[in-house]
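Consider the two complexes below, in which chain A is the common component and chain B and chain C are the respective partners.
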Partner chain A sequence: MTANELVRVNVAKQFSKLPGARYIRLGPNSGELFRKQFLLEPLREGKTVIVELDGVRGYGSSFLEEAFGGAVRELNLDVEDALRRLKIETRIESWRLDVDEYIRTAKDNRNPAAA
Partner chain B sequence: MKKRNPKQCKHEAWKRRYSMRLRRVANAPRYPRRKRKFRHANSSVLVAPAYFELMSANNGGSDSRIDDFFDFLNSLRSLSTTSVQIDMTGVRRMAVDATLLFKAELSRTAQAKGVTITAIPPRSVRTQQVLKQTGIDKLLNLRIEVLPDREDVVHWRIAEGPSHLVDHNTLDAIMADIEEVTGMAAHPVYQGIIESMGNCVEHAYKPHPEVKRPMPIDPGWWVFQQVKDNNLTVVVCDLGIGVSRALPLTLAEEPSLLKKLLHIARKARGEDNRALLAAMEYGRTSTKERQRGKGMRNAHAVVDDIGEGEFLAISNRGCYVYWRRPSPAEPRRRTVKLKHSINGTILRWNLPLQSGSTERSA
Partner chain C sequence: MTISAALMLETVLSTKLVDVVAPATTPSTAIAPRAPSEKTAFATMPAGTVSPTTPASLATSRLNPTESHIHVQVEQAPSLVTIMLPAGLVVAGWFIVNKTQANRERRKQLREAVGDLQESLSELEKVAISYHSAARLPALEREIVSKLGRFEKACSAIPRYVNSQRFWRACPPASVEVDARSIQQLRKAITLNHFADEHTGALDDQDELIQEIDLAATVVQERLEDVRIAALD
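After this line comes the complex of A and B, so read on.
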């Protein structure tokens, strides 16, 4: 495995067309579950993850924050490194901007998953 | 023969009389009259008002129709009998948010208090169709034969789920219907609904010393969607403790932040409105420090993404309204103190079907 290897994830096809809430304890298809299933391992191995967001019914901000911001917190990633290796593909610009914001502000947050 | 003392004789005579009386009661025929009396003592009859409305046209709460609706709802909430018959004969108009609240209260009455509910069917065919379409007929144990076919009824959709779980699968039918009428596969209202459900599961049913009423478990939240007059209306309801009680619990470890938020909202009338404004402010400012409390920011984003529409939050006696007309008008907001408490929280979006941002339809 090389650091430049790409992993592609399509949320609608591989996870759910109906993304759920923030934590696993709140219900199925949560942002926390998505992070654990699709983001943590490749990021830990130094890979780049391309996440295709389109094809779903929508996202709550809790889902996106817990998935992407949570990955930055859990792996203690450098923000610039995370922005470089977590790539978003979507035709809905506001989703891409939201994810960028969550990655940039992830370290400002206390980890609420401990609740 | 052994001689008995008078006291012993007296006791034996009493025993004979008493056992005879017990036998008489046990073998007594059960007269219909006695049965009727028993049934009457444990059942109630409630007459539903003609109009199911939470607010008058000016968003206040002083209309006599609203008083009638809440009188009826309060009677349902305070039932102390084991069965109730609801006379729906005269019900003529059912607004979507009031109907949802009625369904929620019926559900709580049946599941948490164990009350058996029966009903006299409504005369209005439209009301019959609404009851059938929303599943309220089943809660009322009513058999309604008429099939919903009216244009203003067939687009009502319902979803409900347990108070401890955000069950997104229940939203599939609602979102498919929204796609059918708007042509948008990913609609901004999804984020509002899913965040509201998350808030409900996390905060609405926390134990609170001031709230003694039984809380519903399954279902614990309800979602209605309606398409009418080229408008999409989505309503999310819970019967929890309300924002004014939940917010201090959520911010229990940050009393200075809570104080600051309530200070910002100090000019609003009523504790519930101050808490609603504080919750909105918490969602708006939280990006600087933390990602929690964004549910209300998502709720506003639904309207902002579409470009016009209205978002309304009612919590107990508080009512917050945020609306936006087509650009370049700035969004506006206001609060209204309601006369009656809804004993829970309702979030409602009214969105035009043909308007605004096309970004989400991509």
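After this line comes the complex of A and C, so read on.
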């Protein structure tokens, strides 16, 4: 598998239009659940994941941090590699900036409250 | 050629001089008198004379003493340019006025949309501060995420008010973009820490997080005001 292989994930269609909190134990549609269902496996296989964020009610920063920053932490990805293989598609620039920041600072943000 | 024919020519020919040769016996008064101010001038010249402007090809007529050389200047019919220019100016004027009014209306709509966003932001800030300042309320978390999502979507839609125009835009596109970085800071201040499971209890209103939310909201309000000012007439 190479980074040239693309996996496209549409959050609203494939996951939920109502993304929830950070951890699975806090309720449905959490960032942790999204990471486990859609991000870890393709990233582990060296694929590029394109995540379409639009079409949902909204995101809490904790959801985005746990989904994307959490993937970088869990797979111990190099930041440049993660930025190259985790691509965001959205019309809302603040969401893109948010994800970009959480990927860059993932390893500084290890949350002691993690489940 | 008769005089009447010459008069008819007046309406159809160009301003070039037309020389009409008439019998010498034709009285000059037979020609319809015209006011001196009229552009078209008729002149009866003595037989054997040639107007200075007479084409050389007609110069031979002066050799014939029996003919009077009538010099007729016929006004040129309006050319295509002289007809189309005023019409074109009228159309261009209409277009400019129409487009200016449409852009003014678009800027008005834009200001109203920004005004609505400023109200939404004030409401969002109020709800967020009340959430962090009280015991955890999961229903309020959903409301905050929902309000924040709607606010972000509406902010990202603002530039489309002018980006949908192909030319002669109501405002420069860059001037109506709400700074995404400031919105991101607002979202982080509200939902990154002390949110959901991390909500450990009511925060004091002097708490750093509350101050951070207040500051981030103020910055976004300022960015929105910049957009509103850019959309003034």
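Definition applied: the second predicted complex is superposed on the first by the 107 of 115 C-alpha atoms of A that agree within 3 Å, B and C clash if a C-alpha of one lies under 4 Å from a C-alpha of the other, contacts with A are read in each partner's own complex, and residues count from 1 in each chain.
FYI, contacts are C-beta pairs under 8 Å (C-beta built on N, C-alpha and C of every residue); 3 or more make two chains touch, one makes a residue touch a chain.
Fair warning: this is a prediction, and the values are worked out from it, not measured in the lab.
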item	value
Fit or clash between chain C and chain B when superposed on chain A	clash
Chain C versus chain B, contacts on chain A by residue	B
Touched partner set for A:38, first chain B, second chain C, both or neither	neither
First (chain B), second (chain C), both or neither touched by A:97	second
First, second, both or neither for A:65, with chain B first and chain C second	both
Partner chain(s) touched by A:108 [first = chain B, second = chain C, both, neither]	first
Touching partner for A:21 - first (chain B), second (chain C), both, neither	both
First, second, both or neither for A:29, with chain B first and chain C second	first
Partner chain in contact with A:56 - chain B first, chain C second, else both or neither	both
Contact residues common to both interfaces of chain A (with chain B and with chain C)	18-19, 21-22, 26-27, 56-62, 65, 91-94, 101
Residues of chain B touching chain A in the complex	165-169, 171-172, 175, 185-191, 194-195, 197-198, 201-202, 287-292, 294-295, 297-298, 305, 359-360, 362
Chain C residues within the chain A interface of the complex	138, 141-142, 144-150, 152-153, 155-156, 180-181, 183-184, 187-188, 190-192, 195-198
Chain A residues touching chain C - in the complex, by the definition given at the top	18-19, 21-23, 25-27, 56-62, 65, 91-98, 101, 113
Residues on chain A engaged by chain B in the complex (per definition of touch)	16, 18-22, 26-30, 54-63, 65-66, 69, 91-94, 101-102, 105, 108-110, 112
